[in-house]
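What follows is a group of structures, each given as structure tokens.
Two complexes, one shared chain (chain A), two partners (chain B, chain C).
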Partner chain A sequence: MSAGGPGGEAHGGVAPGKMIAFGVLGGLIGIYAAHFLSIINPAFSFIGALGAICAIVWGADAVRRVCSYGLGTGVPSIGMIALGMGVIASLFGLAVGGIAGPIVALIAASIIGLVIGLLANKVLGMNIPIMEKSMVEIGGAGALAIVGLSTTMAGTFMFDEVLALVVAPGYIAVIFIAGGMGILHPFNACLGPDEEQDRTLAVAFEKGGIAMIIAGIVSMVVSTTAAIPTIMIGAFIWYISFAKFYELTKRDAYKVLGTGLLPTEEELQ
Partner chain B sequence: MIDIAGILMENISYVLLITLGGMLISFSVHFVPVGGAPAAMAQATGIGTGTVQLAAGAGLTGLITAGTVMQVSDSLPLIIAAGAVGAMIMMSVTMIVGTWVYVYGVGVPPASAKVKYDPITKDRQDLYVSQGTEGHGLPTVSYVSGVIGGLLGGGGGALVYYALMSAGLDTGIAMANLVGLASVFAVGIFFVNAVIPSYNIGGTIEGFHDPKFKKWPKAVFSSLIATFMCALVAVLTIGGL
Partner chain C sequence: MEPLIGMGVLALMGAAATVAGASEDLESDVGSQSNPNSQVQLAPQMMYPHRIYNKAISGEPPSNALMCAVGGTVATVLMSAYNMSPVFAIAMGALIAALVHGTYSVTAFFGRPTSQKRFKQPVYLDILWSHTPVIMGYSYITTFCILVISYLMVAVLGHPFPLPLLAFIWGIAIGAVGSSTGDVHYGAEREFQSVEFGAGLNAANSGNIVRKGESGLRNGFDNSWFCAKFGGPVTGIAFGMVVFLSGWVTTVFDPARGDAIGWLSVVAGAFLVFIMILWNRKIEVAARAAYGPYKEDEVAA
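And now, the complex of A and B:
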């Protein structure tokens, strides 16, 4: 319900608490595992992108819950604010946090999210009951997605490497849009009265797979050993989730019919 | 651990400049005639896309022009002017091409449904609004308003970028890294300040003649708080290197 009237609470599917645990724990475990296992073998850096996918799916679910109320503006705006908050918080977290960087980034993003959520409800008068909570979740998911994809690209989340390998060459812009797409696109594509959580989140996994493939291509700069598993696993996740999305679309559709190819010019005469 | 109080005291003027820039961006969004999906179908006045996309398009062009000028000059007024002109050109081009599409493609005259007479040209508006629509195309007042929006938004974005770059110049960080970091923070702050006013106006506005324009103090106040926090975080990161 992007530009339509006010909607209501999103129903059905996995409970929000489980999604939060999935995103936070999955994201942090993925990022730390990628960081420490990459020291043993750079090939393990793909785990960071798996963490980012957990965060993206969590973010897409939070967007789904808050946007069901109808924001009055398009769904993409909330994905862009997620990544805007996320990129500020994640660079801050990595710069000051050292080994605790991803956790500091998550906390900083949550605080910025809480303030923006409070401003949106109290000052701008949006009056969405779950606005504050959702903004905290969306900011945190954005930050973890950025840190996760950066870790895969650089092989570590230490700030100096991330700065030199991800921020300075501009790959951070790719992360910004790929991560933002993962968070904002699923609900934007699936919204409507027949929206189902599993179908929306299948799109989130699919977008996460694309982001992972892109992160893998970038990590080729650092090491080919890291790039190949990342691209392969990303492509695998993309295929599985896209097949799942297609299956769920057929399940939710009233009827799926083949229209055949377009008629040729002679047939139209 | 970094010396938080020391860095903040040293860079407090930059924090204030960034906050001012964020408030300018937030204010500028209220000038940009944006109609969202209805405008894309020529059923509402304004450009047919979302506020955030439009503000970001103009603002990022402003960042590019400001960054280019910053390589050859460190004069603040010149950098702000460069950012403002870049964003104004981007807005103007978007609006003129949009107008061609509406007039020659869709076949509707530019008309506002919010006012009876265009405040600038004094042309009658309501006669030209198609039934069942909220106006269409970009009447002169919306066009002028959009250019003012580009001026303020581009200037605000340039101010943010200038402050972030200046905060990092004394730290001895490599130039490529500083430019990357300052641009990313500027983009992040720009998006936050583009979304806040977009929620304030509910996604669509015709320009400064629209009744919704009067709501701007709420968004600018929200941006003051939100940008101040982002500015603290950004300056701590850049100044602490």
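And now, the complex of A and C:
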């Protein structure tokens, strides 16, 4: 028995194509804008985290689509594999790509995702129709989330700086887990037969806001000028998306009660 | 380093780990997380609505890794950028981690029951307001203790990994230990207190968790009260042993003193694992003897 719902195609809401465009374009524009504008003023490094939020929301939507096929307890695993692919691809991309690093990282993550998707479907026999496509998306989202948050922390995506300011001090660990939880948690939190896309993605924005705040705290090491706008904008995004999530909860829940007894037998019929 | 100082530090780490293990397990019991939560999730579907917190953040290892990595990151930033004292930095790191963990708990609490609208599971706000601070309190204790362990490893034992990475790894480890050790006590003994001891979970009982408490309707506090008697402490001992024994072999047989001694530490580790396999087997056999045999599976004719 699946506790995760009917086990079929995810329904309703914004089309997958739009979400992919939002994640890829938003992610890359954010990362490049942060990189180039930070040269003018470090305060602009927060834009990288906005790109990471786009990628996290896209990744959460891809997780939602693939996990709707009854992957109840597999949701956290898929989020972790997203960032596993993302870490390898982003370090590879930034190391060899130079100024094209984020794009190389995205392509490398997509290739790793495709291989993992093929292995899952063809070798392990999971037979989920959209597995290959979803793993490509999840890998790409993971890579962009990592590069975006790293760019905000370091103020650049140049490999040497990222290695010295993000990887060597161990902050890559918090990027890995905050980005991964941002991608896996929204669907895991809203799992159930009456899950709705807008409510799930509101959680993705909210978790993206938390990742942004943490990236802002880390960027204090580089520059306080970069840290303050990042933390404040992250907190603002967190508040707005949490308020939206609570509003959608009240819209979708059977009842939101201050307190009360359990529903009666008659009520359950 | 003097071996005696090494052993002292190790003892302190073991003590912190024991506290962390107990608080980690009780934190997962108050909110109901990990494996036992699948029954809390299933209950409304089987017509058993309840007033138990549904904290489906993720499995315990990722959620603990998150709070420990966040705590380790904030502590490192405060120590490196602002030269703050380690005690203050660790306390602040644990505070931010507890706040982040609290938001994750709240989104899971709202999200899961709301997605069960068709099974008529209400969202009870008094459960949210009463349980979330307790969850955050436990997560603070867990993160604080894990950061103490990680800091001692870096600052005193000279571990080459940076603090956030060590905290992340210990976060995964404590989540894994809490999930494998403490969950049984909550999931099997508390949620299914109404069935015979050792009966296992019959498919017909799926979702039929105990929903009425010693007084009123059962909630997460009742569960943590019960688990604090055995499940929490035993998780603490398990994690304390993991930290203490895994450090003990390399403190006594320090690989820095030569390759041969390094290999001795590997042998000592393997020996400890072997002893514990035997010990576990004896406990299981003794428990079966004391509490009656499992019912034989009925073989289909």
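What we mean here is this: the second predicted complex is superposed on the first by the 251 of 269 C-alpha atoms of A that agree within 3 Å, B and C clash if a C-alpha of one lies under 4 Å from a C-alpha of the other, contacts with A are read in each partner's own complex, and residues count from 1 in each chain.
In the analysis below, a contact is a pair of C-beta atoms (placed from the backbone, for glycine too) under 8 Å apart; a residue touches a chain by one contact, two chains touch by 3 or more.
If you're wondering where the values come from, they're calculated on a predicted model, not measured in any experiment.
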Put chain B and chain C onto chain A via the superposition and say whether they clash or fit.
-> clash
Partner chain in contact with A:181 - chain B first, chain C second, else both or neither | second
Between chain B (first) and chain C (second), which, if any, makes contact with A:157: first, second, both or neither?
-> neither
Figure out whether A:95 sits in contact with chain B (first) or chain C (second), or with both, or with neither.
-> first
What is the contact status of A:85 with respect to chain B (first) and chain C (second): first, second, both, or neither?
-> first
Should A:115 be classified as contacting the first partner (chain B), the second (chain C), both, or neither?
-> first
Chosen between chain B and chain C, the partner touching more chain A residues is C
After lining up the shared chain so the two structures overlap, which partner does A:73 touch, if you call chain B first and chain C second: first, second, both or neither?
-> both
Partner chain(s) touched by A:195 [first = chain B, second = chain C, both, neither] | second
Mind working out whether A:123 is in touch with chain B, chain C, both or neither, as first, second, both or neither?
-> first
Looking at the overlay, does A:169 come into contact with chain B only (first), chain C only (second), both, or neither?
-> both
Which of 40-48, 220-228 or 292-300 in chain C clashes with chain B after superposition?
-> 292-300
Overlapping contact positions on chain A, where the chain C interface meets the chain B interface = 3, 72-73, 76, 80, 168-170, 172-173, 176
Chain A touches which residues of chain B in the complex?
-> 1-2, 36-38, 50-53, 56, 174, 176-177, 179-181, 184-185, 187-192, 194-196, 198-200, 202-204, 218-219, 221-222, 225-226, 229-230, 233-234, 236-237, 240-241
Chain A - residues contacting chain B, complex | 2-3, 71-74, 76-78, 80-81, 83-89, 91-92, 95-96, 108, 111-112, 115-116, 119-120, 123-126, 163-164, 167-170, 172-173, 176
In the complex, chain A touches chain C at residues 1, 3, 5, 72-73, 75-76, 79-80, 168-174, 176-178, 180-181, 184-186, 188-196, 199-200, 203, 206-207, 210, 214, 217-218, 220-221, 238, 242, 245-246, 249, 252-263, 267-268
Which residues of chain C touch chain A in the complex?
-> 38, 41-42, 45, 47, 49-51, 56-59, 62-63, 65-66, 69-70, 72-74, 76-77, 80-82, 96, 100, 103-104, 107-108, 110-126, 161-168, 171, 206, 211, 217
